[in-house]
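Heads up, the next two complexes both have chain A, just with different partners, chain B and then chain C.
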Partner chain A sequence: MPPSSASIDPVVTRQAELSFRTRLRNWLQPRSWSGFLVRRIGAGAVTVLVISLAVFLATEILPGDTARVILGQEASPERVEQLRALLHLDLPAWERYALWLKRAVFGDFGTSLVNDMTVWDFVAHRFAVTGILVLFASILAYPVALTLGVLSAVRPGSFLDRAVASLTVIFGAVPNVVTGMVLTLLFATSVWAVLPAISSISPDKPLWDQLSLFVLPALTLALGVVSGVVYNARAAMRDVMQMSYVTSARLNGLPESNVIFLQALPNALPTCIQAIGVALADTLGGAVVVEILFGLPGVGSALNQSVHNRDIQVVQALTVIIAVAVVCVFIVSDVLARLATPRDRTRRA
Partner chain B sequence: MARMDGENAVAYEESKTSLNRREALRLGAAGVFALAMPGVVTSARAASQAGAAAGKAGGQLIIAASGNSGDSLDPNTLTYSSTRINQICETLTQQSTDPRGYDFVVAEEVTMENPSRWVIRLRKGITFHDGRPVTVDDLIYTITNALKSPGSTNGTLLNAVDLAGLKKLDERTLQFDLKRPDSMLDLVLWRLFIVPQDFDKTNPIGTGPFKFKSFTPGSRSEFVRNENYWKEGKPLLDSLVTLSIQDPSAQVNGLLAGQADVVTRLDTRLLALVERKPGFQVSEYTSSVTLQINMNTAIKPLGDVRVRQALKMLMDREAIAKQAFSGHASVANDVFAPLDPYHDSSIKPLPYDPDKAKALLKEADALRAEFVIDTNNGFPNQVNLANVIGQQWKAQGLNVTVRNLDEATFYGPEYKTRQLSSSYWPGHTMSSLILLSRLPESPFNATGWTDPDFTRIFEQARAEASREKRQELMSELQRIEVERGPELIPVYPKAIDASSPHVAGMTEQAFTLRPDYASLQRVD
Partner chain C sequence: MMKKLAIRNWYALSARACVGLALMPVILIGIFGSRFSAYGPIDFVDMPLSPPTPEAMFGTDFEGHDVLSRFLHGGWQLLGVAGLGSLGAVFIGSILGLAGGVFSGHGADLLYRVLDGIMVFPPLVLILVVMTGTTDSELAVLFVLWLVLAPPVARIIRVAAVAISLTEYFQAAVAIGTGKFRLLVQEIAPNVVPQILALIPIYFTASLSLATAVHFLGYGVSPFTPDWGVMLAENQSGLELQPWGVVLPVVAIVAICVGVNLVTDGLTRRYLDQSVHM
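Showing the complex of A and B:
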């Protein structure tokens, strides 16, 4: 059958192409929602890829031999060589990375070099543990931090403001490990023995039935990240409170609560949301120390142990998954911040 | 062994029930906290009460021990961290204070017909956890596995065993015809865990007091009572949980707060925390561990025997025991394997004599030599040992640097080229350590030291049928170690286990640094 005249008309085809390109360009416009999301997700994917490569290179550069670490000092050189071959440690680094990347794309992170478990089996439960820890810490930290930040901002120079500023500096300066030790002394071992000092998770019970094990780790983690959010919330709210439209609202006789919560707070929210996003990423990092301190079998302690054991497969997988989680947190906080910004929310390409 | 006596037990119970003003204040504050988080605290208490109630029927104890994601239940790749495998599996014999050096466990009899032929007879009536009797075929499989399994740490120790020379005399008796004489083969059997022919390390079966239930590397294991255990009336517990906890402080916090009942290999720096608590028990004992500084004789100036002697004479051993181990160590004579039946404690170390040591160094032209001690945190106080020795040498004017490396770096490609390196040997006999590190063919010789006389005397001892003559030869080897050997072993560290007031039966197995799990009991 001969082709239709429309399909071979160069003018129509050109117009269709132009139309498609224009549509695509418009769709990818940074100011449009679709363009915003595509760019954020694309940048996130590149970030994750770069991180995986960086971590792989870092584990290669680190001195030490996985096989020797696994076998300990008693192993003979022959045994070490046998194990190296068994673990494919004799392959060039780039080949191992390419092999890993190919499998990782399909969700196969391989098998742990030191305990024969698949990486997924080894880390799945640990992600649930760390997830609950971070959730618990977030519930404890962020509502309180936002409230304190806002209240400090609306009463600058007050006792509350000064007290919050001092506590913010103290909790921001004290390392998690010290906070955790003090909390353990207070609530577990020496003063009031009301909470568990170590957080050993039983596989026989659902995690939700073992929440008491998370209290001290979550509190430690929360106290470590609360300062940044308080500081940012206070600063954002102070800026907004000094704007002329807030002064106009007050001059118009609006009640103070209305001025603070309905007029000022919505405009401080984008900064607060992004501060929480950054704090959440910090929380994931802080989980390493807190999990070791309380013996909590989560992702942080697993990462630490795996680095110690040169368990490259697990280190790679955990780092990439944590990187994906952090990238997701940033994307979500960016989206929420955009939604909370009327100018951005309603912008069209 | 420290046990809680009746008086302490009563005091502890009273302390749990009486309420003074200070405690009332504490409870008040705790109540406020509990009100703030009612669900959380209630569930913590409910869990604790449920545990206590369950304890009356045999109960459960929780052990907090070092561990990480590399924890394994493979009996052939274990080093000293045999906390878990000893709950499931047993060896043919185990070290004891018996004059022959050991007690029989799975073996009923171990006989040397001559140094090239041994006969092992298995104990009658011992079964694996699934009810199958232990047979010679399982023993042959165990030995074959130990020799051939990738990563096995036992292959070198069984180097005299010829697989073709294993002869099954009956279902319980195995004859070993060795390819070279080994009159001390029976001591290596302390390290050989008997496993069935279809052994699976992901669901291990043994003859031990507890059966496998669950295990997560780097986190937790739970093993339950073996109802068919061959020792009458044991084990005394329904189940035994072992937690892998990296941080020693967290282990002790868990013990003090009641989340763990036993802490093994307690860090001496944390001992005071436990001793302050009424009713808590501490057991301190000399273990099989030797912590040493290897002197690499391939690197100048340590190839010179005068330098090695000088460095030995520059160690104030009493001070090292006090400063590096807080007094929880006994003075040693630079010879490893203190629990070995051939260990000769009558041999004295070279005396602490800085003047003579410096004269020797001057004679060897090594007074200005640079010494580098590399160490790692592989064993409690290992870094302290290196630091204190370094400080003592510095105080005598030596040029010393101490480097603390992470374990992976320490055991990396440069391991054999380190001048002075601290390390530890756990759970070994003297003949094992000589096989591993002192002979020309030794696979693991961090000192590069071999001595023709030493090698000849050791081979003579291995071929000697008479126990008395063998002891003489082994003592001669130890004298050589003291006089010109390549190792600094100034002290033998004590192992310390701690337990909560409701634990009884803490009978220590010094060779494997653990309590006798079958005897552990919950007394509340």
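Showing the complex of A and C:
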């Protein structure tokens, strides 16, 4: 049912005269900032909840007795009983999920099955490593990608445009593992041995003093996501450059730099921001392979390790944390894209 | 001016597509290579990590197997999983997408919410999670590839299907009382076939990337399987002594990915509206 026109226009009707339900509906309507945020964050929360349930189920469907499968056939009955008690396997599945969820909300993800640390202790210092890796990759990737995308869109068919198009097709195709291997071959072993092939981080020194270890991993990650951003930035900018208002700006005699950066770019910016959001989410996934390839002790290598060990508690925790991170990235990029949309800034209410 | 530009663009693109075509034979090496190998994939040939000799043209790997023979044996499983992965994902995704174009209501909404939820996840993380819960086999890898790659296909095909359901001939078909299934098969499907075909190679490279990563991490394959992804992992530590064990699979994977992408890019730009392309 569409809201009546009287309730939607705040100038005509004073808010106080409206019923609570109508005011709530106005407040929540998707075009207003409040409604947008509530909807977006609500959808994000639901997504995380669904993902946590799915992850719980996926790790629950181990055939047979979970404790037995984890420990192997030779395990002593006492050890199996101990693990059953630790995992609350005698409770029905939904009660276990509720219990796990209740603790997870307060950041208590249980204890690792393999090394008897709490999951939080096991994982905490790994966030810094992955964080620096992703940050480093972003600094390398996005400024270059946006510049290339915009420049190649401004002069379609030019040498730069064709070179960039070829490069995006090539780099968009090659898997991260392979890019990493090529970079290692080039810069760490035979050709120019300037950088370490395996990033052995020493725990004694602060991470900031060991940044050279992050160069190759970050470059690998960056090369993996750069082509998507270039492609989207170029497409968005090209669409905008073909709009009639850009032509009329030119006909009015504005200098070309003004036309490109002040008239056209603001309308292409939201798409670019969204593309960077998607690329950031990809980086979080790509970090798994890159961390293992270069031996970085980050979240991704921890995830792989615990999947190999069937360390269910850690897998559940890490996946949910990664899901929260991805959902946050998407929410922030949506908000920024909306802030950057010129049309939305001038709209009333 | 316009004409010259158009010809130049066409020329440049087809040159790229030609480069892509020239790279295609690498796929054949991957599939049929095992017939031409001098040694078996697990034959002990020479000391581990020995440099190229006349007997072993690219030297030996970390366990003394012939690198070239292992390389020739190592393509078909990876390419097979990637190929079946992309075919299956495009098939499942197309059915879901086409259905989304005709059917609407709470069921379809729920389905697409679930697909969106899957797409929130970085594919590799999702694959790892499912690998925790299933037995470790190549079949599981294939299933996970479908799970990860079908949702984006469904999204793309749904957009195309909805666009067709807004045309006049479709409305005319609805007006004379055509059933939903018949609408799907007779009106929508034939018009979306080009897009569906274009998605197969695009998702082949995506699927190959994921399969390489999964094999590299050691899932779905036993450590002794001759496989390009496994070769990357097992020869990484010997990189400084004997790089060929890594170089051969790297070159092959890059050639296949880039070749397929270049050809697809050339063909879609030539025969399809560019908006379909990713």
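Just so it is clear, the second predicted complex is superposed on the first by the 292 of 349 C-alpha atoms of A that agree within 3 Å, B and C clash if a C-alpha of one lies under 4 Å from a C-alpha of the other, contacts with A are read in each partner's own complex, and residues count from 1 in each chain.
The rule we apply is simple: a contact is a pair of C-beta atoms (placed from the backbone, for glycine too) under 8 Å apart; a residue touches a chain by one contact, two chains touch by 3 or more.
These numbers were taken from a predicted model, which means no experiment stands behind them.
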Review point. Does the superposition put A:112 against chain B (first), chain C (second), both, or neither?
Key: first
Review point. So, does A:212 touch the first partner chain B, the second partner chain C, both, or neither?
Key: first
Exercise for review: State whether A:304 touches chain B only (first), chain C only (second), both chains, or neither.
Suggested key: both
Review point. Touching A:314 in the superposition: chain B (first), chain C (second), both, neither?
Key: first
Exercise for review: Tell me which partner A:47 touches in the superposition: chain B (first), chain C (second), both or neither.
Suggested key: second
Review point. What is the contact status of A:184 with respect to chain B (first) and chain C (second): first, second, both, or neither?
Key: both
Point to revise | Contacts of A:292 with chain B and chain C, given as first, second, both or neither | key: both
Point to revise | Where chain A meets both chain C and chain B, residue numbers | key: 62-63, 181, 184, 188-190, 197, 292-293, 304, 308, 310
Revision key, fill the gap. Within the complex, chain A is touched by chain C residues 5, 8-9, 12, 16, 114, 116-117, 120-125, 128-135, 205, 208-210, 212-213, 216-218, 229, 232, 236, 239-240, 243, 246-247, 250, 253-254, 257-258, 260-262, 265, 278
Check your understanding: Given the complex with chain B, which residues does chain A contribute to the contact?
Key -> 62-66, 68-79, 82-83, 86, 112, 114-117, 122, 125, 181, 184, 187-198, 200-204, 209-213, 215, 292-295, 297, 301-302, 304-306, 308-311, 314
Exercise for review: Write out the stretch or stretches of chain A touching chain C in their complex.
Suggested key: 47, 50-51, 54-55, 57-63, 157, 162, 166, 169-170, 172-178, 181-182, 184-185, 188-190, 197, 231, 281-282, 284-286, 288-289, 292-293, 303-304, 307-308, 310, 312, 315, 319, 322-323, 326-327, 330
**Study point:** Footprint of chain A on chain B - complex, ascending
**Key:** 26-27, 29-30, 33-34, 37, 39-41, 43-44, 47, 62, 64, 68-72, 77, 79, 150-153, 155-156, 201-202, 214, 216-220, 222, 241, 243, 245-247, 249-251, 253-254, 256-260, 378, 406-409, 411-415, 423-424, 436, 443-444, 446
